[in-house]
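Listed next: structures, encoded as structure tokens.
Look at the two complexes coming up: subunit A is in both, with subunit B in one and subunit C in the other.
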Partner chain A sequence: MDIRTQMSQHTFRRLLALPQPLRLRTFSILNRPPPNYPGHVPLTLVERGALALGSAFGSLRNPHRHDLIAALGEATAKPYFIARLRAAMLANPTGRRILRDKPRITSQTMSLEKLRQLPENTVGRAYAAWLDREGVTPDTRDQVRYIDDPEEAYVMQRYRETHDFTHAITGLPVIIEGELAVKAFEFANTLLPMTALSLVAVVRLKAVERKRFFETYLPWAVGNGLKAEEVINVYWEEELETDVEVLRARLGIEIPPDLRETRKLLRDKNKAERAARDAKDRLGAGMGL
Partner chain B sequence: MASTALFRRVLALPPHLRRSVYSSTATHTGASQPDIYDVVCIGGGPVGLSFVSALRSHPSTSALRVALIDSQDLSTARTTKDTETYSNRCSSITPASLRFLKQIGAWEHAKRGRTQPYHAMDVWDGVSGSKIHFDSVDQQQTGLLDAVAEMIPGSRFQASRRKYQVEDVGVATMCENANTTSALLQRLHDLDEERLNERRVFDMLEKTRVESIDLGPESKDEKSLDLSQWPIVTTSHGKIAARLLVGADGANSPVRQFADIPSPGWDYNQHGVVATLHVDRHHTVQDLRTAYQRFLPTGPVALLPLPGNKASLVWSTTPQHAAKLKTLSPPDFTAAVNAAFRLMPVDISYMLSPTSTTTPTDELAWRETATPAASTGLPRNFPRIASVQEGSIASFPLRMRHADTYTGHRIALIGDAAHTIHPLAGQGLNLGLADAESLAKRIAYGVDHGMDVGSCWTLDGYNSDRWAKNNAVIGVVDKLSKVYGVGSGPVVWGRSAGVEVLERLGTLKGWMMGAAAGVK
Partner chain C sequence: MAALLPRATKRLRLSPSTDSVCHGCRRAFASSIRHGQQQQPAPSQHVSQSDKTTHFGFKTVAEELKASRVRTVFSSVAANYDTMNDLMSLGIHRLWKDHFVRSLNPGIRLTSATTSSPQSATGQTILDIAGGTGDIALRMLDHATTINRDNATSVIISDINPEMLAEGRKRFATSPYYSTTTTSPNRRVSFLEANAEDLSAIESNSIDLYTVAFGIRNFTHKQVALQEAFRVLKPGGVFACLEFTPRLSNPIMNGIYKRWSFGAIPLIGQVVAADRESYQYLVESIERFPSQAEFAGMIEDAGFIVPGKERGDGGDLEGGWEDLSLGIAAIHKGVKPA
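What follows is the complex of A and B.
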């Protein structure tokens, strides 16, 4: 058939073609697309916005709701931030290996008994010691559900599972103050919006804790987070036997003051002062003053 | 009587020697007098050859004495007999340039089996995936009425609609430079054959190196020829004086340097990598072909169709990436080209970085599974590159230059001597051919109106005709390359939004295609 006929057929096809579907941006909730990976729940823009708002306020009211914090992270990561993090992993040779192997950190893959046997000052021993000290296990991490691309979903999952390793090598505890310091560090390092949004929880701190946070831990977190290498690119499964000091030096992270020690010292000091005051009062009462 | 015998001997001499005895002005100064030509064109590329062919084909200018000088052997500028190999120097010829080549009678000598017209263009953004599809259907402005008319063949309605349709030439035609050059040479040869009985006016001085270009010497007295304002070209075969010296001699034009015309511009920090590729499906002559271009932050990569299962690659990228591409083995090069169209920019940069430890084939196999085609904007009909033609991978640095003026006293510049442009829009050769057409028209006008073809009376018209138009095209192409050189941020969002809007405005797209096609 000649070119002219072929082109008028082409015109006709274009006229009859349906308008380009808007599925790339949104879809009808009555016609949800199939999941891209097991556990995936595709959300429309409105649903994602509502999830973000609800989980933000819910986790502010009750910071122990780790599932709301996880949902907030997933709802606010698209479109740019999780893509940027994934590109940062793809630009790094170790990050690419992690994305190729897709390792998971669970209590099956991370045998705590073996980690406890490792010599002192190794990453694995520090991780196991930290888990024991805080009383948590690697299984407390939720599955990613609301991120559409399977590879970006893995990046989010990896970030969540290696969050405890960040705690371990910085020595920060699992109380709110420690968590906020780690979140500030992670924001400077990964740029995920959820980490920045969690810093709103400083309103829940006591005055003393807030002062300590703004004076010591926030400057430490921002300075080190910006200066350090991307922590998401560390292949933790291979670094279990590395010396912690060596790893910190390689990544460019300085250890902050031990938070539990500081709090314990302060608590002891306050207790001693209160005991002295009580003793003085009793003495005073006894002498009739 | 000795003096009478001498006088009789002088009278017996041939005329030019007899005259030399009693007249000094008739003295033949021999080899030091340069050979005078009306038009001398330095440069035997497609633009120079088309200019000379236009002069020779036009009745007004066919009697001018013309010389074409080139340092290479032009008779070897032929395409190979092998139908399976294509040169990596191909150009996209727009409908306006094609009309010019047909008008001067050169296109009929081109090997049509080795040219490929294409009717559509898919252009998409490598960062955001927003795409735009150009169809010659948009250019034709066929609408519902025409589609209905085609359903009733032979009707008066169809005949009335046909009247309004523009001749179908598609978006452009891909043609090897050697094909165009050999067609033009064949036309010049045929024109010479026609005029075998007449005085020879056209000289093709091939294998002639230009040693210098100077102004002529001061004349000895008032009566002898004054060539002091004429350019004299000193070649390895002698001196040539030109009434009009035309520079079609490429980006480092000696004619432009002689005329002291500055040519400001800048170097893009990019090299253009060209190659001839084999794609996975075979096309027949009747198939509608598409050209593809993807804008990556490091530079655009384009796949242009050639007959059969061949395609031409033009990939503008950083010098480091270009160097790495040239060292890759053929399967790795093929994987890298497939990756350039299918993967995310971060993956392509990693593949071509000097520190990557895995092979491109390996990386492509893994990353392709993780990169859905919908997110990168890959067109549905995009072919798979199967292999690369041996020995066809080459690269050249990209730059932008535009001469401040195209003319001087007895000087004119056409083609790359006048302007150099980024290859992303395929306009370099087309601007040069339009220059040649315009200059030839102006010279014909000058001859018809009794002007000196080297004077500003003839040449100013050429400058005013072409300079502003070329400047606009060069400027737009430069800004496009800069806008698409950004990798992230608000510029990406802005250009994507613009492309999405333009994609839906058929009339505006048709106008843009008309402008790019050079339709007057």
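What follows is the complex of A and C.
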């Protein structure tokens, strides 16, 4: 065969050699393969790209759409990042046990009453206290749907369900500032692209918050995330009675300044200043100045 | 033998290879999902009386359950219904509905012939089935009032789903047709929560115009609904149905249209309405709907006269309906014999 046919066949083979998630089409929309696990929806590359774009802009417009953030995570996790996270779990003995047992965290498997009764300073008590303080529950997180390999899908599901534990041991609140700090920490720790992409929501912060984020919380997050052990490998169900300080020391995480306290102090200070200014004005008006 | 194949072709898989996934992992994750699921789907309280099943999209469900599942789908889509319609049809649904209403020409125009007729005082009674959010009903009243100067024509909006009716009430609250008292005699619009297969709340031979837009494909028993339509219509009354068709006649356009339906629409449902499943059901239910010729045959079987129809060479009905937008939707009409 002549050189041109040889070259185009070679190119074709190289294109086919791309990893499956990047290959342009291995199946069509009308001819989807059977699901690999209940709830699995195989997506073509175009659909994944559209989902990534749509959920990125949708969650930026409305950060309360947790399902869009979840979808963004699933759409951007392949080809490399979720595989890397799974490999990190396989390289660690606890991680391997988690992958074998595949525990799930829901309000049924994590009884809050029992957690509240644990001694002070335990991980379980800190988790229950954080949930109560923030007014949230370990409600059912969205099921992973768009990741093809069932084990990688479990890794993503585990990451999603242990996100609240990360909040609990760092003490960061659920307000946007706290969430962004946790996402920055998670990016340095897990390298999932969605965590980095959610940092774009920094544009939604007020100027004061943004300054605080770049000066304090981002350096904390990046430093600690890189230095710490992989948080995905923590078997939280077994660590509920561990002392929080011990766990933090083992993982190599320092606790950041309490965000709610900082904000409260700032708010009180502003209120006091404003009250003093109002009093001065009233006094001045009374004196006819 | 495998070693003889070039490396690239060995890795070519037309679908994610199921044998590379350890069976235990797949089973384990599947079982962990079942274990972790917070809301188990409520098991049916009784063993179904009959083994009769019907389609729900591409799934097969017991007949008794279809209506409640449809109701659930529309409860979840009710709030964003109009936004989603605009996104899915790129706004074209407005053109279809406008054309539908205009071609029906509701309302009695006062001319020398009709001035003395008794009905011009009471106006027409229109029944809009599966019309929860009220977009057809509003167009009917606007057309009757504005174009035919008929202030007496009234619409009964009926739907199986209370959330959709609530959206309809919201829409009408800001229209000129909303009346504050439910018993006022010149009430132009009223709401009825009912299953189209059982309109016992409506008297026989009392409706001038029965419309159903994008609703009939969700009915469990379409023929029963057609027979109810026949019962409630007055002799000479008109049955009109606007509905999607299961396929387009042009194969290339059909290919594009199907890929949009099954790829883009559930994705838009996920991003806009946080609900992929409902929109997957919607596009699957379109696939399951009978073709225009079959549906025109069902309308005839209910007793209606289908205008414009002819029997083609193959014995199929032809011309008894109007295709819209290359056949994406179709308007079927029937007249109850006087």
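Just so it is clear, the second predicted complex is superposed on the first by the 263 of 289 C-alpha atoms of A that agree within 3 Å, B and C clash if a C-alpha of one lies under 4 Å from a C-alpha of the other, contacts with A are read in each partner's own complex, and residues count from 1 in each chain.
Going forward, a contact is a pair of C-beta atoms (placed from the backbone, for glycine too) under 8 Å apart; a residue touches a chain by one contact, two chains touch by 3 or more.
Since we're looking at a predicted model, the values are computed, not measured.
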If you stack the two complexes on chain A, which partner ends up touching A:R96: first (subunit B), second (subunit C), both, or neither? first
Which superposed partner A:E229 touches (first subunit B, second subunit C, both, neither): neither
With the two structures laid over each other on chain A, which partner does A:E151 touch: subunit B (first), subunit C (second), both, or neither? both
Where does A:E237 make contact in the superposed view: on subunit B (first), on subunit C (second), on both, or on neither? neither
Could you tell me if A:A50 is touching subunit B, subunit C, both of them or neither one (first, second, both, neither)? second
Please name the chain, subunit B or subunit C, that touches the greater number of residues in subunit A. C
With both complexes overlaid on chain A, does A:A87 touch subunit B (first), subunit C (second), both or neither? first
Common ground on subunit A, meaning residues reached by subunit C in one complex and by subunit B in the other: 14, 149-151
Looking at the complex, which residues from subunit C come into contact with subunit A? 6-9, 11-16, 18, 21-22, 25-26, 28-30, 32-39, 258-259, 262-264, 267-268, 270-272, 274, 276
Of all residues in subunit A, those that touch subunit C in their complex: 13-14, 16-17, 20, 26-30, 33-34, 36-39, 41-42, 44, 46-47, 50-51, 54-55, 58, 65, 67-68, 71, 102-109, 139-140, 143, 145, 148-151, 153-154
Interface residues, subunit A side, partner subunit B - complex: 1-8, 10-12, 14-15, 24, 87, 90-91, 93, 96, 99-100, 149-151
Residue positions on subunit B within touch of subunit A in the complex are 119, 135-137, 140, 142-144, 146-147, 150, 168, 286, 288, 344, 346-347, 349-350, 355-357, 366, 370, 372, 374-375
